[in-house]
Structures are given as C-alpha cells and as structure tokens.
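We call the chains A, B, C and D, going by the order they appear; numbering starts again at 1 in every chain.
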C-alpha cells in the first residue's frame, strides 16, 4: 500500500462541510425561499445586488463559500457513487472534480466581471 | 427459579455437508438472568453437540463471542435475554466475514490488517530498563487510553458497509489501533505507519458512516479515531510538500 | 502427517507464551519460533486479570518487603530462591512492559502509579485501571508482531508432547479449521497453557482454562507440584462467577455480612478502620478472606440468594469519580450481571475458584525435569506462590518466568539438539490414533457434558475452601469412576472443520487428569496450610508437610504422590501475621 | 484433502443501504451533497447573470421564484438542515478536545456550534434586510 493523495480533496470536503453547516440553511432561505415569500422589497433588485456583490470583501467571501461548496459536493458525490455501486472511481473522480473546477473558475470569472 | 423458553434461531453451516447456511431453531429453557451465550452453551451441552461457536471469558473482555444477534453485532456474553422480550432471538455469525462453520467466522483478513499497521511502540528515544519508565502524565495517557480498549471482537467490521463492500479497506479496529499508538506520547511512529494507514485502503476509504462506533461494546469510537487520523495524516501529507518537508 | 519444524515451540499464546516468544526472539533473532494456541492470542485468559502486577518501584518500598510478603502469604511453601529472583526481576519486567506501551495508570508527575493489594505490606501494585491483564496481554501480543521470527499458529489445539529418552522434541497439534493433525518438531518446547479453573463448576476462569498443558506434561512424565492448593478469590459475582478485582478492596471497599458488619475483624484481620490499612481487614490474603466467608456462612450471617449465599461488597463511599477512574469494568459488570451499580448499591459477592497455585514442576529457570521442556505462567509451579498466591503476583510471574523460559530455551537450543525423526513420526502417529479413536467409537451411554458436571461438582464438594478426609475421598472415588466412563465416550460430531465437540472432549480428558492430581494430592496432605484447609487436620504441620507434593501420572489409576523439600534461604517458617500486628501502612 | 469451504454471504453493491436503518440515515446525509451541488450551480449562474445585466438577472430571479424553483429550494433547505445537524453531531468525534485530563463533553461542543449557527444566520438575515 502507499500513501494516498486523497488528503487534498478530503480537506476541501471537510472545510466545505463545516462552512456549509453554518451558512447553507440561511443562504438557501435567503436566496431561494424568502424572495418567493415576498420578504424582500429591494434587497434582490439588480442595483442593490450589483452594489453588494461589487464589494471586494463580499466577492472574496462568496468565492470562498462557492468554491468550498463545489469541492465538498464533488467529493461527497464521489463517495455516493461508490455507495450506489459505481466502481469506476477514477472516471467518477475526474468528472466530479472536473465539474468542481469548472464551478470554481466560473464563480471566479463571474465575480471578477461584476 | 424463574424460567422462560427462548426460541433461538441459529444460522447453521457445516461445510462438509451443507451447500449454504440455514436456520435451525432450538427451544431453550433459560434462566431470566441469562445472556445469549448461556443459551448457546445450553444448546451445546444438552441439545446439540455439533453447534460450533467461539467463547471464553464470559465477561466482555476476551472478544471471542461477537455475533449478530437480531441483526446487530454484539458480544453474546453481553446480550441479556431480558432485553429480548419477544422470546425469539436470531443468532448469526458476524456479517462481512466468511463463515468457517456455524457461528465461527474466518478472521485471517483482520489479523493481517492488525499486524500491518505496526501496532507497537516505535519509540521517540530508545530507553533502557535502567533509565526507568517514560514519564507520561495522566493527561497524556488520557489522549490515547480510549483507543487501547479494543478487544478485537470485530463487531465494528461486521457493521461497516465499506468493509463489507470492499475488503481491501483496513477497517475500523486496525485503524483505531494505529491511532492509539500515534497518540501515545512515547511513540514517534506515525510516519512509519503512513504507508498503510494513509493509503487509499486506509483512513481515506472510510466514509464516516459511524456505525462502528455505535455498536462498539467497549466505546472505543473507531470512527472518531479515523477522522482524527485523517486530519493528522492529511496535515502530514500537505506539509510534506513544503520546503524541507519529507515526501 | 505434515511436519512443521521450529527451534522453539511454545504452546499457549497468553501472557506467558507471548513473553516467552519475545524473549526467544530477543535472545537470538535467528531462532525460529512456533507459537501455538487453541485461541487467538488476545482471547487468552490473561485478558481477564484486573487488579494489577506487583513490583517494587517506589522509594518507600524494598525487595525484602516483597519477598517476605510473598513467602508468608504462601504460608512458607514457596521456594525462597525463586521468590528472591522473582521480586528482583519483576520491576525490570514491568518497566519493559512500560517501554512496550502498556498503558499503566500514572501519577500526576508522569511516573507509574501503584495501588494497595491484599497481603502486601507496601503499595506496589502497578495497574492499568481495572483491566491490567487485558492491557498487558494486548501490549505483549502487539509487541510480538514486531519480531519476524515469531510465527503464530492461531487456533491449533495441542494434543500430545513428543518425548523420547528423557527429552522433549515437539508436539502434535490439530489445526482446528481443518481438523488435520500436524507434527511440530523442535528442539525446545515451552508450555504456557494457563490454569485449570474449569475443573470447578464455579470459577472466574474462562472456558479455555481446562489444564490442557498441565495434563500433557503430566502424561509425559513430568510431575504436577502442589496441585491441592486452589485459590478461591473472595469476591466473585454469584451465578456467573465473574471476578471483582481485589483492587475494589485496595481502593477502599468493605466486605459486610447480612447485618452490615465488617466481619473480617472477627478473624484476626482487624481492627476495622474507615480507610484501608495494608495487610489488614479487606486487604488480608485471599485464602483467609475466603475462609472467613465460609465461617460466616456456618454462623448464618451471609445473605441467601438463588445463586447461593453471598456477602456484600460496599464501594459506595468511594464515590462515582473514583469508581469510574479506577474500577470502570467492575461498575459495568456489576450493573449488567447482578443489577447493582456499586456507586449506589451493595454488590453481592462470594468466594470463587480463581487460580491454581500448583502446576507443572519447574526449577527457577522454568525448566522441567524433562530435557528441552519448559513451562511458565499459571500452568507451571516454580514455586513462588506456595500454598496461597498473593494478588498481583501472577501477572508478574508470567513475565519473569516467561522471559526466563524463553532465554533458557534459546540457550538450550544453541547447545545443539537433534530430534530423532523416525521415532517422533511413530509417536505422532500414536497421538493421531488416540484422537481418531474418539471418532470411531459409536454412541456410548455417557455424554461428555454430563461427565463434566459430575467431575466439577465432585471437585466443589470435595476440594472446596474447607476439606476433610471423607469429602476428598468421595471426590477421588467419583473421579476414578468418571475417568473409567470417559474411556468409552464417543464424539457426537464427527466432522473435521472446527469441531468443538472434539476439542471439548480433549479438554475433558485433560480436566480429569488434573482434577485427579488435585484431589489425590489434597487427600494425602494431612495438614492445613494456606488455601488447603483440612477440618480433620486443622494445624499446619511443618514437620511432615513443609514439602511440595509431587503428583506422578499413572495411566492405570490414581497418581503416585511423593514430596520434594521446600527451598528455605532466609525466612524460617513462622506464624502468618495480618491485621493490627502486621504493621501495614495506611493506604488512604 | 482440505475440508474447508468458507461461505461468503452475498452483499448487494447497489442496495446494501436498505438493510439497516442507520445506513439509510447515512445515505440521506450523503445525498445532501447532490442538493448542495445543484444549489451552488444555481448561485454561480445567478452571479453570471448578475454580471450580464439587469434583464439577465431578472430572468434568473424569475426562475428562482417560479413554482419549480421554490419547490427545489424547499427540498434543498430540508437537506441543508440534515447536513447541518448530522455534521454537528459528528464534530465531537472528529475533533476531540482535551483540557488537561478531561475530554470536553460532546454536548458542549455541539451546543457551541448551534450558537454559531444562530449568530451566522441572524447576521445574514439582517444583512439581507429580512429581520
């Protein structure tokens, strides 16, 4: 047996899991449930959001959360695939970590362009 | 004397005559205070000499009598009949292990794994007997004591789906034992154990189902040990790429 | 039959066997070692030892004290040269265990902690909470993995020794998973197979402790020494016989009768003190505490239960924190098995068969009279335990004499020994035939479990805490009858794979031989000493019996008993003194 | 001749988790990651849309508040709670804290986590102007 590089995605998974455990419920509520309930008058308007996300600190925090969420989900889905009986682990890893990379890059580009 | 009759459904498998296992039911007159092991002993002595199972100490410490009792891995000497009010108890050999015969399972794989994690002190500094003991404070002892309590009953392997699905996994008890030595203030062997413990088949194969810790009759918490080990070995891995790190 | 060769063959992989294996490996890594056991090493009964291992380490203690405690505790039937080297070597052995990772309980300074124990003048018992034997066994097992020359044969049931012309060259053993016999051929053999508590119905001993190794050596012509000395531990749980360690009392527990009275003060162990005083009251020696129970029972001051009469162990005043830290297993066992949480409730206890002081006769080098054959641990009798072993000396014994056996065997092998191959093949074939005979017999009138019940009941009735001519004689007669009937029993399971009917039958064979050695030795020792108390010979008789009993195997009847002088160097036999006069320090 | 014939009991590689309650609970935790992934993708798309201008942003907002969008977010919210509670429950095992001779009780660690959860949630809600 030999030492494995799985430490790297695991740390991203664990960090992501921890951050999400604190922030995810309220985020989903804020961006996905509250608007439908009409709880916002102005908060999600284009101007407000542009100004909010335009703040470099907000960009940084959002980038952190989104990146960790991508990698957390990718790693856990890899385990899920195994648990559902899919044994092509390498292919699964390439696809999922590839998607996480795409997500990370897209988030970075989007944030920079706002 | 308060007696009650228990229906003991035992999974039998006699390799020399059976193609596959089958359930055999014994009606066993039992004392109220008995454990499942007592009922098995009654069967062995009074009803059926051909029933095979392992046991010895009858006090939760030798680890011989781990078996599936109503689907849960338990020590037969710690499974009290009073906790099974229906009077029907199903006894099977530990899951995830090949059945040698009846309730006896093949343990070779586990024993190899236990040996593979270098479960002995790899000392920080060699010490002679004349130099006396290593000093170890009660707090330093506490740091690893819980992980010394494993009796190798294998209940954790029997409930670990990752081991069941893929027996290359080093598994809960062996990894917890490696952690026990890594956490010992006298030991400096974590790097030496890295090859096996931090392999893909080692701690990284664990997906933290946590079932092992739920069934452990000695509260060893192998699942916790493995997560802590992931952190420690993970840091080792990352820092090994820093300048001056040992790869 | 497959032949497996090794330089040193060790039968039994408990504490003594593992220590022996490590000693051989360290003495010469080139020697090959075959370590056989009928169970995986961690199942061995060393794991059930709870309280601790005595060894002089603290500055207020000295080797002389440990020597005298052990010699007087053994009622002067100990060999004092053996005790001398034992007390000398044990601290080093315990330190070695520390270096190998044994999780000894500690003082705040980081030094190992010691606790008081029965019959010890000074606190000197090293401990790992109340699972000392468990931790020692696992430490030894795990450490043994470090040595590539140790090859284990787990779940091999050893059947017979192979001896020729006054020397031992190996053994036959059945691989339990296939049922096939193997011939193990070596140059030195070490028996570390443990005691034989299972010859009694009510015992702290696990199922494995059936005296197999004792019987094997005995049949091979090695005498069994001092077999009549059977230790009753004063505190076992009624029903199951589960051991509640002496450390319960070392930590300050009381023994009280049905009136809540600490009755030990009536038996020369007083006066009572609220906190423990060494060598007094509950910290008296095991033989005297068990005998006091018997007297209380006769006086009607015990508590009747469905599992027999009991007294109570009171730990409540120790408090939850101390009980959880020092006696966690005791708490768990009491709560589960007798529904009594010691933090809040009295725990019912009664004396229970615990340990065989006697065993395979060896010298101080763990060598038996048969060349190349060694023995260590409970199966052996060196003797350091004499007529009554002190609590916490047995774990030390298996280390000291396990190591000595290993070193001795290694040295013996290096002298150059050549096994007489053809002769051994013939002996192995005989051994196999003996086992096969059980398979070939057709159903007999007697069944093994019934015979076992008869045997163990006879032992309890005849060789209990107090004995007399008539009761022992009755036991002897039953054993003769059982031995005769056993010759005709047939296996009910004729299969090969993991046939536990076969192994229980082989165990029964051993138990009969060992039980007979115990009973006949007891019958002929017409005195009272230590754990051997005769109602018809109430006094110790140094004139006639300051001697070791030696039981010699007789295939056609009861063993022949002769006697061997006790080695006395510096401690002349005297009265055993406990209680106030013993001058033990306070252990609070 | 070797009479051994060890019997290996078959385990389904695709439905093993239906055999025990604790495995089902575990799979529920694992499946939360699917909703994390989708939700994260929705957010990233939202940010892209935000950068593309007001109309694009409004389109995203309409999609999120559509019935399907709301149903998805309600389910995702439930899984987020499953993730949070199971993650907190596991923390004392994964992160054992020792103070001197005492192991800090798990309840204390878990309690502290819920405290932080409440603070973070409140902060976000105030920031968003809901509370």
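FYI, contacts are C-beta pairs under 8 Å (C-beta built on N, C-alpha and C of every residue); 3 or more make two chains touch, one makes a residue touch a chain.
Here's who's who by UniProt: A = Fumarate reductase subunit D; B = succinate dehydrogenase.
What you see is a predicted model, and the numbers here were worked out from it, not measured in a lab.
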Most central chain, judged by mean C-alpha position against the global CA mean: B
Which of A-D and B-D has more C-beta pairs touching across its chains: A-D
Distance from subunit D to subunit A (Fumarate reductase subunit D) - Cα centre to Cα centre, in angstrom: 12
Distance between chain centroids, defined by C-alpha means - subunit A (Fumarate reductase subunit D), subunit C (Å): 63
Separation of subunit B (succinate dehydrogenase) from subunit D, taking each centre as the mean of its C-alpha atoms, in whole Å: 30
Inter-chain centre distance, subunit B (succinate dehydrogenase) versus subunit C - centres from mean C-alpha coordinates, in Å: 27
Residues of subunit B (succinate dehydrogenase) whose C-beta touches two or more other chains: 15-16, 100, 106, 138, 161, 165, 207, 231
Shared interface positions of subunit C, touching two or more other chains: 177, 495-497
Contacts with 2+ other chains: residues of subunit A (Fumarate reductase subunit D): 79, 83
Interchain contacts, given as pairs of chains that touch: A-B, A-D, B-C, B-D, C-D
Contact set on subunit B (succinate dehydrogenase) toward subunit D in their complex: 13, 15-16, 20-21, 71, 95-96, 98-100, 106, 138-139, 142-143, 159, 161, 164-165, 207-211, 213-214, 221, 223-224, 227-228, 231
Residue ranges of subunit B (succinate dehydrogenase) in contact with subunit A (Fumarate reductase subunit D) within the complex: 116, 161, 165, 194-196, 198-202, 204, 207, 230-231, 233-234, 237-238
In the complex with subunit C, residue positions of subunit B (succinate dehydrogenase) that touch it: 1, 14-17, 33, 44-46, 49-64, 78, 80, 100-102, 104, 106-107, 111, 114-115, 118-121, 123, 127, 129, 132-138, 140-141, 144-145, 148-149, 151-152, 177, 181, 184, 186-187
In the complex, subunit A (Fumarate reductase subunit D) residues that touch subunit D: 17-18, 20-36, 39-44, 46, 49-50, 53, 62, 66, 69-70, 72-74, 76-77, 79-80, 83-85, 87, 99, 103, 106-107, 109-111, 113-114
Interfacial residue positions of subunit C with respect to subunit D in the complex: 177-180, 495-497
